[in-house]
Each structure stands twice: as C-alpha cells, then as structure tokens.
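Chain IDs A, B, C and D follow the sequence of writing; residue 1 opens each chain.
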Amino acid sequence: MADVIALRRELHRHPELGYTEFRTAARVIELLRSWGYDVRFGAEAMDPTARQRVPAAEVMDASFARAQEAGVDAALLDAMRGGLTAVVATRRGGDGPTVGFRFDMDALPVDESPEAGHLPVREGFTSAVPGVMHACGHDGHTAIGLALAERLAAEPLPGTVKLFFQPAEEGGAGARAMAARGVADDVDRIFCMHLGCDLPLGMIATSGVGFLAVRGIEARFVGAPAHAAAAPEKGRHALVAAASALLNVQAMPRFSTGMTRVNVGVLEGGTATNVIPHRARMLLEMRAETLAEVDELDARVRRILEGAAAMQDVAVEIEATGSMPSLTNDDAAMRLVRDEAEASGMFSEVRDTHLVGASEDAGYLMERVQRRGGDATYMIMGTTITAPHHHFAFDIDEEALPSAVTLLERVGRRALAGS
Amino acid sequence: MADVIALRRELHRHPELGYTEFRTAARVIELLRSWGYDVRFGAEAMDPTARQRVPAAEVMDASFARAQEAGVDAALLDAMRGGLTAVVATRRGGDGPTVGFRFDMDALPVDESPEAGHLPVREGFTSAVPGVMHACGHDGHTAIGLALAERLAAEPLPGTVKLFFQPAEEGGAGARAMAARGVADDVDRIFCMHLGCDLPLGMIATSGVGFLAVRGIEARFVGAPAHAAAAPEKGRHALVAAASALLNVQAMPRFSTGMTRVNVGVLEGGTATNVIPHRARMLLEMRAETLAEVDELDARVRRILEGAAAMQDVAVEIEATGSMPSLTNDDAAMRLVRDEAEASGMFSEVRDTHLVGASEDAGYLMERVQRRGGDATYMIMGTTITAPHHHFAFDIDEEALPSAVTLLERVGRRALAGS
Amino acid sequence: MADVIALRRELHRHPELGYTEFRTAARVIELLRSWGYDVRFGAEAMDPTARQRVPAAEVMDASFARAQEAGVDAALLDAMRGGLTAVVATRRGGDGPTVGFRFDMDALPVDESPEAGHLPVREGFTSAVPGVMHACGHDGHTAIGLALAERLAAEPLPGTVKLFFQPAEEGGAGARAMAARGVADDVDRIFCMHLGCDLPLGMIATSGVGFLAVRGIEARFVGAPAHAAAAPEKGRHALVAAASALLNVQAMPRFSTGMTRVNVGVLEGGTATNVIPHRARMLLEMRAETLAEVDELDARVRRILEGAAAMQDVAVEIEATGSMPSLTNDDAAMRLVRDEAEASGMFSEVRDTHLVGASEDAGYLMERVQRRGGDATYMIMGTTITAPHHHFAFDIDEEALPSAVTLLERVGRRALAGS
Amino acid sequence: MADVIALRRELHRHPELGYTEFRTAARVIELLRSWGYDVRFGAEAMDPTARQRVPAAEVMDASFARAQEAGVDAALLDAMRGGLTAVVATRRGGDGPTVGFRFDMDALPVDESPEAGHLPVREGFTSAVPGVMHACGHDGHTAIGLALAERLAAEPLPGTVKLFFQPAEEGGAGARAMAARGVADDVDRIFCMHLGCDLPLGMIATSGVGFLAVRGIEARFVGAPAHAAAAPEKGRHALVAAASALLNVQAMPRFSTGMTRVNVGVLEGGTATNVIPHRARMLLEMRAETLAEVDELDARVRRILEGAAAMQDVAVEIEATGSMPSLTNDDAAMRLVRDEAEASGMFSEVRDTHLVGASEDAGYLMERVQRRGGDATYMIMGTTITAPHHHFAFDIDEEALPSAVTLLERVGRRALAGS
C-alpha cells in the first residue's frame, strides 16, 4: 500500500498553482491507472469555458516547462495543455449506487517559510518552486484521495466509485469547470473534505458550515503621469485614489444579517519615485452568507472605487474576476459519516458541524448531485495546524492522514453498499 | 556633419535605464573615437561605489543582452559590465582653459504612447524596449553633445575640451559617481543644460533655478498572512498600513520656508485576494530647497511610516535609497551664455533665470569645478513639449536641437579662448 | 384604565437623555403612587457610583430646569438631583414568588424628523426638546410598564410584584446602578422586553439573542496650533491624526470567532480654518459576543489611536467610557412566555429566539436574579417600525402596545402564581 | 501721552471675535473723540452687506452682553448692533495729501495659555473671555494706532490724516466692508502694518510679500443614521466620508506654479457612539498666489468632497464661506518707510521685503487707493514672538510697540508733507 505521508511530502515538494497542476495531475493519473481505474482527464474531465482566474500565459508556461523538465509524459501534458488539469477516475463494481469523492490539488502563491522549526524544512521536503507553496493542505487532500483509491481498488465493489481530483480550488472554480462537463451527473452521493480549519487532531466534523459565497473584483485606476517635482499638479495620482479606496473598502460596515468578509489582497502601482504614479491595480474579494449580500457588497465596493477615483480625477475600470457559491450539507450523508467515525474508534470527538467561514467551490459538484436527489456532505478532518491556512509557515499534523484514509474507505464501502 | 535630429531619433528608439546605457554609451564612445577624442569609460570614468539605485541584476542583464544582440562591441561591453556606463572624452588644444560640457544619457521606466499624434509614432522611431522610454529629453541631450563634439573636433582649439556623458541622472546620481572619480577636477568652467522644462521653443535661460535637493526612501511593511475568510483577524494587513502611510505622507504640510515636494511613486503588496497581504513595498521621495528641510521631511516621513505600521501591528523597515543636492549657477558663466545667445540671433528671448523646481545631479560635477575656483551654469534650452516631462506622451520640438548645438559651440569656443 | 397609547405619546413629547429623566421619572412615580405601589427612587433606587457616561452638568441642568418649568414636584426633583432617576415600585400580595419587570425610560440625542409622513408629526406629539428624541421605543416601554402596573394593582396578588423603571439604558448602564443598589436581589423571576428590533407587528420572540458585549472609548488628540498659511509646518494637525485613526478603526478585520461591531460615532476638532487644528475628540464603541473579544478589539483600537497620533507627532489620551455585558435567557422563563403568548391568541407567530445584535444593560439585573437561582428572559415584542432604531424617522406601530400590556399581565399573574 | 504698552494690555484682556468688537471699538471711538478726531462708525463706516463669516447670533449676542456689562455707552452699542464695528477717524489740516493708516482689532477663537511663563499670565492681563484670545497681535496693532492718533493730534497737520480701525481681519473681510462704503476713496497714500510674522525685534521690512489669496469652504455631509450594532449596514456613515475627504484634501499636490496652502480647520460630526453618524460639517480654506490657482484648488476640493461622499452613498452640500485677495506694495511708499526707518536709528536692519505667506484683507483698502493713482504698502514691524501666530502661547515683545508708534508718526508727518 502506498504511504500516504510519503505521497503528501512528494506533492508538497512540487506545488502548482490553480490550472497549472501539470505534474501533480500526471502523477495522479499514472497512479490511478496503475490501480486499474478508468481515468479521464483534459477536455474529457472539464469544460474549459467554465473556468475563472486562469493564470497568465507566462505562469502557465513556466509550470508546463517545469513539468516537462521533470520528465512528465508528453502525451499527458499535451492533453492538459492550456490548463486542462482535472482528473476523473471511475471503478465500476456491482449495480449499487455511484459514490463520489472529491479532492483538490492546487497550491498557493506563497513563499514557504525557511525556518528550522517548519517540518518541511526539518524533513527536507519544502517547496522546490519559489513563490509557490501548498499552504492550505491540498497536498494532503490529494494524497488521501490517492491512498483511498488504492484501498478501494483492492477488492470488488458493490457499486461504482468516482474520484474527482480537481484543479484550482483557490479562486479558480475548478469544481465548476468539472461540474459543467457533467462528470458528477451520475453520482448518487458525494463526499468532500478539508483538513484543518482550526479543528484539532483527533476530532472530526461531519459537516463544515458557514461556507461563504464569494466574488472577486479587479480594479484598474488610470490617472496621468507627471514629473513629481517639476509639475506635480499636472499628474493625477492613481495611488492616492487606490489607497483611499482600499481604506474605505476595508471599512465597509459589518452586516447585521450575517457574516461578511472583505479583503483587498493585492495593490500594485507606479513606476518610479519621480513620476506621479498614473496606474494602479487592485484585487479584492467580498464574501457573505448569501448571494444577495455579496451583491450588496459588490455594489458598495463599486461605489467606493468610483468615488475614490473621482476624488483624484482618475479613471477606474472594474471587472469581476470570479465567484463561488455557498454550500449545503445533507443529514443522511452526515449521519453516515458520524456512524463510521464513531465505529472506527479513531476520533476523540465527532461533531455535527464545524464553523469554517471560508469559501469552497466543492458546492458546484455537490449541487449537481443534490439537484438530482442525491446527497452530499463536506466534512472537516481535524489536524493541528502550525499557522493559519495560507500562511507561509502553515503545516498539518500528518498523523491525521492515515485515519482520514481509513475513515473515507469505511464511508465509501458503506455508501457503496447502499446504506 | 552628423544630423543631430537623426541621432536623437536613433537614441530615442533604444532607450536604456540608468546604469544600463550599454548600447547608448558604446555608440557615444565609437563616435567620439571616430572624431579623434581621447575617450575614457568604464572604471576609468566613474567610481562605482558612489552610485545609488543601481538596478537589479535581471534588469541590467536584460539590457546587457539587448546590447549584445544589437552587435555592440564585446570589449566595450566588457568594460561597462555591471553598469559602468560613464564616458569622458577629451580633446587637447593650446594651453587655454579646460572647458567641460555635461550631457545625460538615461531613459525612464515609462511605456511610450502608441497614439498616432505622437511624433515618434508618426515618424517610426518609438521605443523598441517595452516599458522604457526617453520621456525626459536625454536622447536630445546626448545627440546635442555628440554633434557638439564633432563641431569642436573640426579645427584646432585654444584650450582643452572635456565632454562628460553621464549615466543615471534619474535618481542614480551618475554625476556623483563621475565626480568621485575626479574627472572634473581639472575643469575651469563647466556648462550643463536641459531641454524643455516648460520653456518654449525660441527661448533660452542662462540658468535654471529652483533645483531641489531630494532624498528617496524605500519602506518595506511586514505583517502576517492569514486566510482572508477563515481567520481574517489572525492576519496583519500590510496594505492597510501602507495605504494609511501613503495618504499621510502626501498630506504632510507645505513649508512656509520654501518649496517642498513629496511623492509616493510606487506601492506594491499582497499575493492573492484570499490571503491577508502581509508584505508591501513603498518607494517615495522628498524634495526641498535645502538639505535641512529635506532632513525635516525625512524625519516626518519616518514618523508616519512607523506610526502607520504600529496602527496595524505591522513591522516596517525604512531605507534611504539615494539623494541629490541642489545646485548653484555662477554669474560669469551665465553672462557668457547670454552674450553668445544674443549674438547668435537664434533666440526670441534670453532670460537669466527659469524656475525648474525639479532635481538634478549635475550639481555634483558643478560643485567640483566651483570648489577649485571655477565657474558653472546649468542652462535651459527652450523647446515646446507635447506633455509634461516623464509623461508617456512627452516629446520635444526637434527644431531646438540644431540651435542648441550652435549655441554650445559658440559658448565653447569663447570659453576655450579664455574669455 | 390608562390609555397606553396616550401615555406613550405624552412621554414621546418630552424625551430626556439618560440620567436626566426628571420629568419622566416624576410622572412614573406619581402614577405608581396613585395606584398604591410602594415607590422608591433617588438614592434608594440606585447606586450613583455604578453609573457611567453621566452627562455634563449643563446638559443635566437644562433638563432639570425644563422639569422645573413643567411644574414637576420640587421634593421629587430634589431627590433626583444629580441624575438619580431610577424608580422601583413594589406591591406585595400573598407569599408567592417575587416577580420583576424592567422597563427603560431614556431617549437619544437625535433630532426628530419634521416630515409630514412621520406619525408624531401627523398626530402632533413630536419631541418638544430640540436634539432629543425617543428614537428607540423606550417611550413605549415605559407606557407599557405603567399600564401593566395599573392592571396588576386592580386586585390582590398571590406574590410580590416589583417594577423597575431604569434610566440610561443607552450607554449609561442604568441597570448596573440599580443592580448595585441590590434592588433585584429578592426577585425570583424577571421579565424584560424590547419593542421592534425588526420583528414585525403580530410576532413575539420569547428571547432576544445575540446581545453583544460593548465598550466605549473616548480619545482626545492634542497637537499644536499654528497659522495655517504663515507656518503650517509648525502645527501638529490633530484632525489628520483623527481621520487616519477613524478609517483604521472602521477597517479593523471581521472576526471569524463571532459577530463584532465598531463605530466611531462622534468626531469633533478644530476652531477656525486659518488655524492648524490642534485638538480633536473622538467617541467610539466596540462590540462582540464575548468580553474576551471586546478586550481584543479594545487593544487594537488603542494601537490604532496611538499609531495615528504618532504619525502626526500628536499626543492622544484614551479613556474607557463605559461598557455592557452580554445576557443569557432561561428556558423556564421563555416557556412561560410562550405558553401565555399562544394562549392569548394575540400573536400570529411565537418564536423562541430573535437575533438582535445590539447591546443591552438589562443583563445586569437579570444576572442578579440568575446568580441566586432565579430565572430571566428578555423578550422581543414585534412592532413594525418605520426606520431603523436610532434613526430620526423611527417610529413604532402603536397597535403593539395594548397586546404587550395584556401579555405581560398574563405572564405576571402566572409567574406570581408560582408556575 | 497714552502708554502704548498699557493700552495693548488692556485690549489683550478683552479680546473680541471679528464683528463682535463692541467693547474694543467703543474704546477706540472714545479715545479718538477725546483727541479731537471726527469719528465715524456703525453704518457710516462700513457696508454690512460686504461682510463675510458674520458670527452666529448667539456669539454676537454674548459679546454684546459682555460689552453692556462692562458699561459701554448704550448709544455707541446701538450704532454697532449687528456687528457694525468699524471705525474711521479723520483729522483735517492744510491742503496737503490725505494719508491713511489701517489697523485691525479682532481676536481669535483660541484658549489662551495658562502657563506661568506666558507674559500675560505673569503680568496678569490674560484674556478674560474663555475661548477667545488676541493670538495674532491685533491688540498691539490697535494700541499702536491709538498712540499714533494721539501724537498726530498734538499739533497742526499740513494735510489730512485718516485712521481706519477695522473689524474682522481674520476671515471676515472687514476691510472689504469698509472699502465698499468708500471710506478710502479720498486717500492718496495708505500705510498698513503687522507685528511679528517671524521678523525679530529690531528689524523692519518696508513691505510684506507673499500674501496669498484665500477662499474658504464649508461642506456638510448628510448620510443616514442607524443603530450601530443592530443594523450598521443600514447607516450611511458621514464621518467615514468626511475623514476620507480630509485626508485627500490635505494630500492635494503642491503646485509648481507657486505657493499654495490648504487646511481643514474644523470637522464635527455624529451624536452618540451607538448611532452611525449621519451628519458631519467641515470647514476648510485654500490659498495661493493668484486667484486662478485658488480657483483650481477650489475645483479640486469640490471634486474630492463629492467623490468622498459618493464613496459612502452620502450627500454633500458645499458652500463658499469667504475669500481674500492678494495685495501689492508700491515702491514710493516703501522708499518713504525705508528713509524714515533708517533716519530714526531705531532699527538694526531695514529690509525691502519679508515673506509672509499668509493672507490679509488690507488689500481691499489698498486697492481702492491704488485704483485712483495713490500708493500703498503693507510693512512688517519686527518683534520676537514666543510661539507661532494663532498659537495659544503666542505673544509679542512689547518693546516693539513704542518704536512702531514713533516710526509711523515720522512716516505720517513726511507723507502729509507731500514727499
């Protein structure tokens, strides 16, 4: 049996941003094939037009080149060209139900911590790609998915298992691109999962709640350049506009109607100190419990961006950069997870809900199953983390990985048996 | 005789940032040599340790590679490796005085306007280097210097002429690096010049005044990253700190004691919308009529940067990135220019002063001459400009070039004759 | 029987700020006495040292003078001098339990809407006090309490009823001042209530939830004045510091751990346009679900205030101005309310909880009862409001008043009977 | 002869804001009458419709009442009712020229320093009016004017002297109101003066330069109130808009075309911490060397105010609150002052210009004289000050007063003699 911890460390060492998971997906495909799965990928596994936030050509090309240098099979790479990095693996058994599991594979634009206390440093498996890091645990997710696949391939199944390895969970809506291709339309029950989320090792929640709908916005401010000393009054200062917008966006009121979030995550502008900066680019996101509230935040953000630009006689172009829905968990799927978690004896505590407060595109796949009468849940596997998700010193406690595999195997076998 | 307008257009087409003027300097060297000058360059023409704001290795390498691809002589390039792009040309005649002229060669990080009305577009000599542009007229300065060199080489001189072609006027203190090497220490009288500065075609000022002392600062804010939805309160938002600092820096009071300037020219921070941005980098400059006022501005800026960082529990590192002195013009040199300008009949108006309000590193070379009892002036050659200096649509009226050459030749001959 | 709607309109016409409820409290005392209650007030009903945000002397004196002019009994006024405006009324019956009801009497510093569509305008009972308004429904609360008192006085009671009419709910912690005097220490069960809170007419919630702990802060910035034209650089601009602080306070991150609120409610600074403003005063509040989170917000606010002041070389004094706890409702009390509400047939819907998200000092009295083994609930009486609470156009639907009185009477009789 | 220092201290003790100089003007009138001047005041000395920034009724009434209590003559008060506090005194002699002198009488809304080191504290003549202070030296100006009047009344004059004691120099355009009444239309030469302005004791400048044109603006932001905890998202936060506007106004670029100033001098908004503040009022001023630049600043300020309001969905009303022109000094008048200053032997240094950088409404009177072919100058009398003008610890060195009187007497006698 594959060693889930060794797999996770291998994946951690080679992180790839959303829609550039060439090496990761190829490794997933080869292992799944070796265990006898029917594996679909490239345009067969996803609808490229349903993607969002596809990276710039140079980012994609660099990752593609790294995969080529690493010796990834050319035919696989060819099928994935342009960022078609989704993988769907099927193993058919008896005429029992079709049970899906979904895992995400993408990493983040974060520079991994070089500090001695960071486990990947100590054990020598830090990111080999500068500026990219598995800082959200998706390396663990993919490793769990692969180990689960091997276990479920070991003996005949009463139904059909479908494993979804998705690209670009971090803002790219990879699940939407897969859902749009119809890959989940024959699934009766789907299980999704995340490690960590502030649930410590030994605990499990049969559902994560509080997933927020999210929308991203890119704003481009365009003022007028001028010599900063000879004629400052002839310039139109794009960064003064952007800074005012940033503070006002962050200062939007809390909503009494539910949780909201807002973050200006990126701001870049100007070229030199002796030129009044005439261009600035801002990336931000808004989250809320419902789409209506996201719409309200969106309207407020646009008002702020336009007002801030007007203050400085600067133009602003505003563009939506992507979004994700909220998600709903079903009691039946949650109960099944609780039963198996309790029966396994591996967990010190089994909760029905754990408040997450982030966003997740798994809802796209879950909704496809639910729409046809199936059920779904998004469970949280406890693991003690060393820093917040997305932090450069983030790490999981790897002890959580083997028990996650065992639990999912139990869940899968019971669901495949139709209970 | 070389066509000064054609020369200017050739230089305009191949702009190079400060300390990466490999192609430009090589062209200057070859022409000067062809006219019989004794030409010194590389480490002979400047002290590399006196430079500031030397560009990053990749910027320098890219410019170096472009010069190689353009077929620049390898021996020249080798001598300039690492950004040693100063050139000093000497032609000795009788035992009259030594007269210097100084020209600057560097371009700016500006994307040239592609609009049809822009002369370089119409005439097909726009920048071949994306993101780099001669947006301050230094292409014209260098062309004038070369045409002047050819004129002064045509017949015996009563004294010695020294031509200084300097790199990195735009913040790099290229003149300081040349002065530190002692290249102006044998000069009795030095003439410097700038095109434009809002003085229209046909006019000339025998001195530019109001040149401001300047200092640059780089601030690096370091907060803490966190997932923007799952745990925003665990982040420390470097961009909120930077935006507050930016507005406060721009809002520093005017000084009743004299002109001041301030500009936050660059701000960059953050990686993704779902991560609280934990790094931001800000470049800014301050100018004033005296160094004491620059020091006062500097103290205020540091107070603001530290206070803004403290507000967000963010750290900030502050570093001075370079400075320039103010400059002083001498009556004797100004009178000589006035006499020749009036005698030439080429100018509709000759002014004694023109208020510039920018900064200039020519003061470093002028001060070397003045310290030893010599005199100096920094004259402004009128030319009607199409947009402010440093603007992407900046252009000069090329009609100003031939008369500038003629005037400088007259000024040079008279100064060399000892009057 | 008194007309609860007429009473409410009378109170609405004469609003009084917290701890200046001289006229209101005197009216309450006189009516309660007329119905045979044992009425305590002044220092007998509250501990003045446990108050917070006691208004300035001139505010208190003005209200006192208005009460005198209105002919309020001098002996009553004398006992209330200095803002001792609490009232406790007791009616003893059989040896059954002691049942308390709590009502608040204070108004807000809001200028009432003069628009024709506003019911108090239409019916002629708008505030007679410029700048003060019953914009939160406490006029209705007091009227309900009085009508209830009359009903409960009509016949013998099986236990003892205690009615608490409290001053200064809006930030003044009037309930704390009463609790500190021990007035609720013999109560077995206490019922509190609020009208509105976005619960429409016809509905009732047996408990309001989401009451937030709150703390207030006053910050005083002290810079240096200077002539704004002759020497702006000699000033230290307190308003620039305050504006930066304001934006940063409003921009504090949402907490993933629960609801938070923050509001800079008042900012005042400067004297004239030609003087650099050297003083500014800011009042703000922070709220959260737990005291620990309020402490965390408090630490962040102080960091912001100090950093903003440091940016402008300005001093800042920070002072806590008051706080309120969160509150807990008991199942037994909630069930009793539900039973009576349903039995009354007056409500279209009875809910167990209604999310309020504001703060309330009733918790001080409730906690006294609960500490000794008693129980308590804070119910929400639905009434359709015309504008948000605290808005100048706020109004209730008066139809809610009579049914509130009837429900409380039923609740009281049953609780007094010991069930 | 009156003691100019004693007079100054008397005036210092009873400061009065612009257009409320009831007590001061009455004292001026009585002294001038006692010396035989023909004194005009009230509507005879000014055109009330040409005033600006007339104080609110309660401010004016309070000052009026203080003057009544001080026993000021009722007839005088009656003539000045409503703020008609200008005084014009004439003494006719031979048929020589008419020579004017202008002095200002108003104080500032500043709370005087109580520190022991402050001379008025030490000598017991601090302001008797809380919140009002002679913090700009006008007490000295008026005392000088009175002492001058006495001297010029001592013997026959070859021409006519006119003394202008004006109200409301600090923003109220009192000089405009007097000029509009035609009081200076028969004057051939007018002398104006200011103490201090950073010129030390012993020095004098025959002209103050750099007087800036100024315009004031009042902005009123109107948002929407809401309960800060129960429904913050229903509010429209006027103070967030105002704070953003304030920072952007202060951050307007320096102008390369000349000196500019900007100051948000007053900001007030909000009522209570638990209400989203829906009103804020901002007073600001802009200054520049020319009216065209003031217009440009004005346009920018309006753009900022409107953009800031739009960001927060808040309305804003903008109103100009007053303005002042720049002023021009004439060589002939300056030469006369220089001659007398040198001849007097009282001054260590006589300068032709001293840069002030503030604004002055004296230009209104000077322009009336100049328009008809007369000449004028605004001289600066050196006196070492203890803190910047308008600071609560401002004070002059009183030694400057007697020599100012003597110089003006010499200047007056020579001008009256027609030289």
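Everything that follows uses one rule, which is that a contact is a pair of C-beta atoms (placed from the backbone, for glycine too) under 8 Å apart; a residue touches a chain by one contact, two chains touch by 3 or more.
Keep in mind it's a predicted model, so treat the numbers as computed, not measured.
Undergrad: Among the listed pairs A-C, A-B or B-C, choose the one whose interface is a repeat of C-D, with over half of the contact pairs the same by residue number.
TA: The pair repeating the interface of C-D is A-B.
Undergrad: So which chain is the furthest away from chain A, centre to centre on CA atoms?
TA: For chain A, the chain whose C-alpha mean is farthest off is D.
Undergrad: Comparing A-D against B-D, which pair counts more contacting C-beta pairs?
TA: A-D
Undergrad: So the centre of each chain is just the mean of its C-alpha atoms; given that, what is the distance between chain B and chain D in Å?
TA: Whole-Å distance between the two chain centres: 46.
Undergrad: Any idea how many Å lie between the Cα centroids of chain A and chain D?
TA: 66
Undergrad: Name the residues of chain D that each touch 2 or more other chains.
TA: Expected reply: 229-232, 234-235, 237, 240, 244, 247-248, 250-251, 254, 256, 261, 276, 357.
Undergrad: For a test of understanding, state which residues of chain C touch chain D in their complex under the given definition.
TA: Residue positions touching the partner: 108-110, 136, 170-171, 197-198, 212, 214, 216, 224-232, 234-235, 237, 239-240, 242-244, 246-247, 250, 261, 263-277, 280, 283-285, 287, 321, 356-359, 388-392.
Undergrad: So in the complex, the part of chain D that touches chain B is made up of which residues?
TA: These residues of chain D touch chain B: 247-248, 250-251, 254, 256, 259-262, 355, 357.
Undergrad: For the complex, give me every residue of chain D touching chain A.
TA: 229-235, 237, 240, 244-245, 247-248, 251, 253-257, 276, 296, 300, 303-304, 306-313
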